[in-house]
Amino acid sequence: MVRYAAERLIQAIIAIFGVLTIVFVVMHLSGDPTLLLVPQDASAEMIAQLRQQLGFDRPIWVQYLDYLRGLAHFDFGISVVQRVPAADIVASRVPYTVMLASGALLVAIGMGIPAGIVMATRRGGWLERLLTAIVVTGQSVPTFLSGIVLIFVFGVTLRWLPTSGSGDFVSLIMPSIALGALSMSTFARMTRISIIDELGKDYVRAGRARGLSLSAVVFRHVLRNAAIPVITIAALEIGNLLAGAVIVETVFAWPGIGQLAIQSIQSRDFLVVQVIVLLISFVYVMTSVLADLVYAIVDPRIRMAR
Amino acid sequence: MNTATFAIRQRIRRVPLSVIVVSTLLLVIVLLAILAPWIAPADPAKQNLLARLKPPGFELRGITYWLGTDDLGRDLLSRTLYGAGVSLSVAILSVVVSTLLGVTLGMVAGWFRGKIEVIIMRLVDIMMSIPAILLAVLTVAVLGPGFLKLVLVLGLTRWPRYTRVAYAQTLQVANLPFIKASELAGAGAARILFHHILPNIAGPVLIVTTAEFGLMILMEAGLSFLGLGIQPPAASWGSIMSVGRQYLERAWWIVAFPGACLFLLVFSVNVLGDWLRDQLDPRSRSR
Amino acid sequence: MSDTNNVLEIRDVTVHFGGRGGLLGKAGPVVKAVNGVNLDIGRGETVALVGESGCGKSTLSNTIVGLQPPNSGSVRIGGEEVVGADRRKLNDIRRKVQMIFQDPALSLDPRSTIGATIAEPLIVRRIAKGKALTERVAMLLQQVGLRPEHADRYPHQFSGGQRQRVVIARALALEPDLVICDEPVSALDVSVRAQVLNLLVALQKRMGVSYLFVSHDLGVVRHICDRVVVMYLGRFVEMADRDTFFSSPKHPYTRALMSAVPEADPMIQRSKERIILHGELPSPANMPSGCPFHTRCPLATEICSEVRPELTPRPDGALVACHHA
Amino acid sequence: QTKDTLTIDLPGDAATLDPHLQWNTDSYSIYRNIFDNLLTRDVKGEIVPQIASSWKYLDDKTIEFQIREGVTFQDGSKLTAEDVAFSINRIIDPKLKSPQLSQFDQIAKAEATSPTIVKMTTKSPYPALLAQLVKLSIVPKAYVEKVGDQEFNLKPLGSGPYKLVNWQKGVQSELEAYSGYWRVKPPFQHVVFRSVPDVSTRIADLKTGKADLIRDVPPDQAESVKGDSNSQILSVPTERVGYLFLNAQAGATKDVRVRQAIAYAIDSKALVEALLEGYGAPVNVVGAKPVFGYTEKVQGYAYDPEKAKELIKAAGAEGAKVEFLTSPAYSRATIEAIQQMVNDVGLNVEISSSDQATFLKRRQGDPANAGGLAFGAWSCACQDADGIIFPLFRTGSIWAKYSNGKYDALVDKARIILDQDERLKLYEQAYEILREDVPGLGLYQAYAVYGANKKLKWQPTANEAMFVTDMSWQQ
Amino acid sequence: MEMQVTDPLLSVDSLTIDIGGANVVDDVSFSVAPGKVMALVGESGCGKSLTSYAMLGLLPPAARRTAGRILLQGEDLAAMTERQFRKARGKDISIIFQEPTASLDPLTTVGAQIVEAYRAHHGASRAQAYEQARQMLVDVGIADPDRRLHQYPFELSGGMCQRIMISIALICGPRVLVADEPTTALDVTIQAQILDLMKKLVADRGTAIVLITHDMGVVADIADDVAVMYAGRIAEIAPVHALFQAPKHPYTALLLASVPKLEDAPKADLATIEGTVPTPNEFGVGCRFADRCPLVTDKCRREQPPLFDCGGGHRSACWHIDRMVEICEVAA
């Protein structure tokens, strides 16, 4: 266990390091923020001067080493655009992102998995058709559209929910739905398929033969067996919900790191982007380690094979 | 007779009505997309600033705009028809790229384990932790916009999902006795992966693929929303919708028609995907 | 003992499970499935491996074909070492050895037709293709009592016994030197069993195949085998020629086995005397000291619980591991 | 009854609230209510005193400002000439790395010669000085030196009508009226600037009363605001000019006939009427009416596609590929409309959209890679032609992909003389050259369009500033 | 008649099961009285397992019961609600599946699966149920039951899994036990032990057993009556002694002849039955064994023989019961 954890940790660090390096290089290839910072009438010399002041004229590897040096002291640098520590900027957005991601995950898992179970066990009923329609809608409406439609319907027309805002529960509802809808569909479909796969197996018949109802067999045995692909998806979706929220956050003026990320990329605020990437890769690696652990908890064969 | 013919024989049995319906639908969509240049009533790029945001059925100088016009007075029907081709090819190409890459890597990682597993799975971690949007923006920044680059970005950002799914499923399937049996029969890794593991992990993979298919169209739409998708005057359903969202109140038809098409497409792909999956699973097929 | 003519040479093979500690830190007890066994099988010979369920027969079989790496020991097939062989080498060796798995339900790919399954070894070894392949498959199906039309069916469409025949057909497709048969006929009805046994024997006569034949059915064992090995808790306790074995079983466990064989005649069967084994059934995770059988042995004395008897030769050529037999 | 809290939706949050560090519209909209500037502009756009109560030129390069008395910072401390001199010297100090440095780099130094007098010297005669100083906010010397630059950015303190009480970065800035403000009594006790990037959401906020004022409503969405009984559109012509850049140094547009053809091809009236829905006015040069130097005397290009086609033919450029650079910052519809118009006369325009940073990098970089066309919406916030056509077309400037010695001489000269009539003439000549060479084409004067609650009374100004003190609430 | 002395616990009455349009099980009838063991033998694939699934109402989705009734303690199973049926399963009637490894949930410990079976019908606490399960494992001869209970199916050998299945089937003391090849994977000593356990159930509790097996030895050991199935139909049904001594159907006779015998030379050809079982879509109108039968006549191919009563509870579906002597010659 300890060895496995240590191995994973080292691999994770290498992976995160890889991410940082790739992003660093590509970001720097794509230009620097000087042009965006200067007033439009700045002269070429002025731009060069500011660039030099900000240190973007140095060779990329010097900047990279510099960055790493800072990183070694847990110094993530100061945003050239906002002139505050990059880590602070990102940190201030984390709570919002956590809220939104949890909300969306709740929608996705809370609705997706039960829907999948129902769709698998009630094949052919009207309930299955209704759920299918919902699932397909979730998969085929772009978030920028669903977001604004939600706002117009529930915010402007019905006035049930605030049109934008952040931090409180009511304003979390619509963004969570908009963001979670797609994942919800994915969960529902994956759950459905996995369960259908399992229902054909002999142990289901054996379970019923010992006097369990079909639903008892489903809940006690089938779900567990069907869990692996669903867990895989869950791990993928968590990372997705963190970084994939750009559009939802933009539409609902939700100040999460997705919005920050796109703004920082667009303003070439390198250090902020780096912190975000660091954070996302950390979370991603953690969830995938977690997923591996959960695989092992769910499936003793995987557990023993390690 | 080889394995393939053994397997393919009897494949098409009783095809349910729903599958026939959606296949027809899909075929129609694809045909419309391909035939767009011949059947579209107007040039999709032809603007008429005097006829902006006109509702379906609007007529001007003998031309009928069956689905209305957009904010530059272009014929929405023609744009939707042409947009189908763009959306479909983006989705198909990127799904194909990411499936091929992702599933192969996932199976290889799950089957060989060891070093190669670590390398592939960490690569997956790396790719997954770089937000897709960042990669998209940066790619456009470095390489410039364009259709192939779009496909490249989408394909490159999405393959790790297939890898994770294929990997997890492979781990499970690889322990089953029939895999060992085939190893004993002398089957090499390639054969085991593609003849035995692949069909047995195809269910979940197909789910991802069909889900991703719609998602790719949505991702392209998202990039269009951010101004980084297909370059105008070419249009995709996504870009039409991202324009239309500004005019939800004034001109609902702009989003409505491509939206409906997208719904039908995603629905058809899902139904077809599920059916295909069932075809791959002989147990549920003979039901 | 070492004879170059041997198809299989097993030396001191030991296989233990567990103990390493799972991912979640639960270090289970070590299951000593196979403990230092030695066995040679000559060309064209059939050796039966009998023993209680869970005594390590399948584990040993898996080890022989390289599916289960042993903790120690050596397995040579046709003179080539299986233990530690790389994939390519193993693949070469496996040409000569095939296995019929115990559980047919799980050893067939649910998504391949049985035709494809049987054809697989022929395809991958490039032995046949096209029409010849179809014919070979049809022939193999017929040999195991199935019909050529069955080739297009999937495993779930067969009964348990039919699946077992498919597994046999696949194993025989390559005409290997050695076939490890892990209870190949126990799921078959008697007439098909007879067919399969006839088939196995015919193949042996024709091609000199050797079999390691794991079975519970002593009737079958007597019919088909040249030599019998009795395994108990991961060890061989008796090894003898068929005739010697059946005429004078020596180990108390063997004798109990013999007496428990049901006769296919209600009159005889219901009046038969049986040696009933009492006492606690030990487990491979908690191996008793001394003779593994002493907890249930009617002849057990003090020495049995202290000293483990080794396989020792008896005048009639049998090897027996017992202090008293 | 007075309204206690005014909520304003901006497209973004302030990047910094240190007025010396940022010059983007959102930051400016907020911090300009926290800080007073040395000078300001009135509703008509004239430069008028603010912290400086008067000023006089001692010579071409020296100017003396009289500093207003009785002004206090929001911590109660007095604002003195020391603070003013400190502010000037701070922004020109390279150590601050201020991106605005280029606007003030003509200033050599400033010193407080008495508690109420600041003397400033420039490196050369600099007629645009006052226009630039309109952008200089006065910061408290003692406070800045005490807390340091970084802390000052987070907790700014100025002498303006509102003080910052809470800044949730990326979310909103909450301001509170400063009761000791010298000029007027601030009309609202609280002001909240929220960051709402999506315009549809801003409109929804306005309609539901979540916001009282929203900035940056695209003209074709104004309809939606007008249709709401509680909302109104406030708009004003600005000094911002929408223009088309034509690369005179590379590609098909290198041929002046092609550039002229493009100028004839564009129906800017249609653009204004159809796409801007009237929230814009045609212009004949690259400049707008509120700008000093703008002239009606130079003829614009009338829409004449036939002539355009002839010119293209003459240049042998039929079907030539022209890359049209753009970024999501610019109206997509306008770009596409221009593309179509130019294509209609026989060129082949391809739009290439990338993010703003990349757009700028290419647009300001090597001419060969700067695209044939690009759209721009230019405002120098100085209402002076020098702030427009000098950076856009003067040889060697980052934007110029054009070089004309005669033109350069004219704009260089106009830069350093102080006689306004003379300058007007020079700009007229310069505009005439630009008309001939078409390195850029003025399309329209942009309007600033705001959505507001019906009860909000406010006259927006040409410089797009948002002074809360100019607003009021009508019951 | 002996059969009428006690009411049968379970009777199957003209059961017909259809898969894809073919009657895979066709008009099968038999019954078991309390304390009796009915053995079901027959070629593999002849429909034994399907019959057993039908008895528990657990036919695979592809299969449909198209005719016939199954009566459990006189009650028609088809008339039961799903709820009643569920209550009955495991308690009134339980089954030992043929393929034990596949029939156990791979992700649940075997102990939990046994306990679950017990608790499905008894309001026992988990601890009590575990104690029961432990006892059950001892009864089926599994050493170290405490540890085994906490293991997963893949950690057990095939035979152990089979015994786990047996434990699950027996833990609630069913009135009727359907055992589908319960001892195939077991060595003879354990097999004997299991058979003893069954005999004890029969003797002590009057359990009725339907035993499906290929092992004629087991049949000889434990069965009271034997039904021989061929291609979905009952070929012959008789008390065990009668069947072994004087089979009245050619298939039975040939089947018995193919058991390896002591006096056979080693590796000599065993007697087999020529040909293969017809697939369900090849079933003709006549006797399904006709193609392989040494006694075949035209009538056999034309007409399906009914089950003739030969007295003493012995019935056979053959037109040529009187010519059985010939068979004995063929077999010898």
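Note that the chains are named A, B, C, D and E in the order they appear, and that numbering of residues resets to 1 at the start of each chain.
Definition applied: contacts are C-beta pairs under 8 Å (C-beta built on N, C-alpha and C of every residue); 3 or more make two chains touch, one makes a residue touch a chain.
Everything numeric here is computed off the predicted structure, so don't read it as measured data.
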Chain E reached from chain D - shortest hop count over touching chains: 2
Result of counting contacting C-beta pairs for B-D and C-E, higher pair: C-E
Longest centre-to-centre distance from chain C, chain (CA-based): D
Chain centre separation (chain B, chain C; CA means) in Å: 50
Euclidean distance of C-alpha centroids - chain C vs chain D, Å: 88
Centre distance in Å when chain A and chain D are each reduced to the mean of their C-alpha atoms: 38
Touching two or more other chains - residues of chain C: 103, 105-106
Residue list for chain E, restricted to those that touch at least two other chains: 99, 102, 155
Chain B: positions in contact with at least two other chains: 137, 141, 226, 245, 248-249, 281, 283, 286
Of all residues in chain D, those that touch chain A in their complex: 12, 15-16, 18, 21, 23, 94, 97, 99-103, 105, 149-150, 153-154, 168-171, 194-198, 200-201, 204-205, 207-208, 210, 355-358, 360-361, 364, 378, 380, 387, 390-391, 396-399
Chain C partner contacts - residues on chain E that touch it in the complex: 41-46, 48-49, 98-99, 101-102, 141-144, 147-148, 155-160, 162-163, 181, 184-192, 195, 214-221, 223, 240-241, 244, 254-256, 258-260, 262, 264, 266-267, 269-273, 276, 279
In the complex with chain B, residue positions of chain C that touch it: 65, 67, 87, 91, 94-95, 97-99, 101, 103, 106-113, 115-117, 119-121, 123-125, 129-131, 133-134, 137, 151-152, 154, 156-157, 167, 170, 173-174
Chain B residues within the chain D interface of the complex: 45-47, 49-50, 52, 71-73, 137, 140-141, 144-145, 226-228, 231-233, 243, 245-250
Interfacial residue positions of chain D with respect to chain B in the complex: 199-200, 218, 220-221, 223-224, 227, 270, 273-275, 327-328, 332-333, 335-337, 339-340, 350-355, 357-358
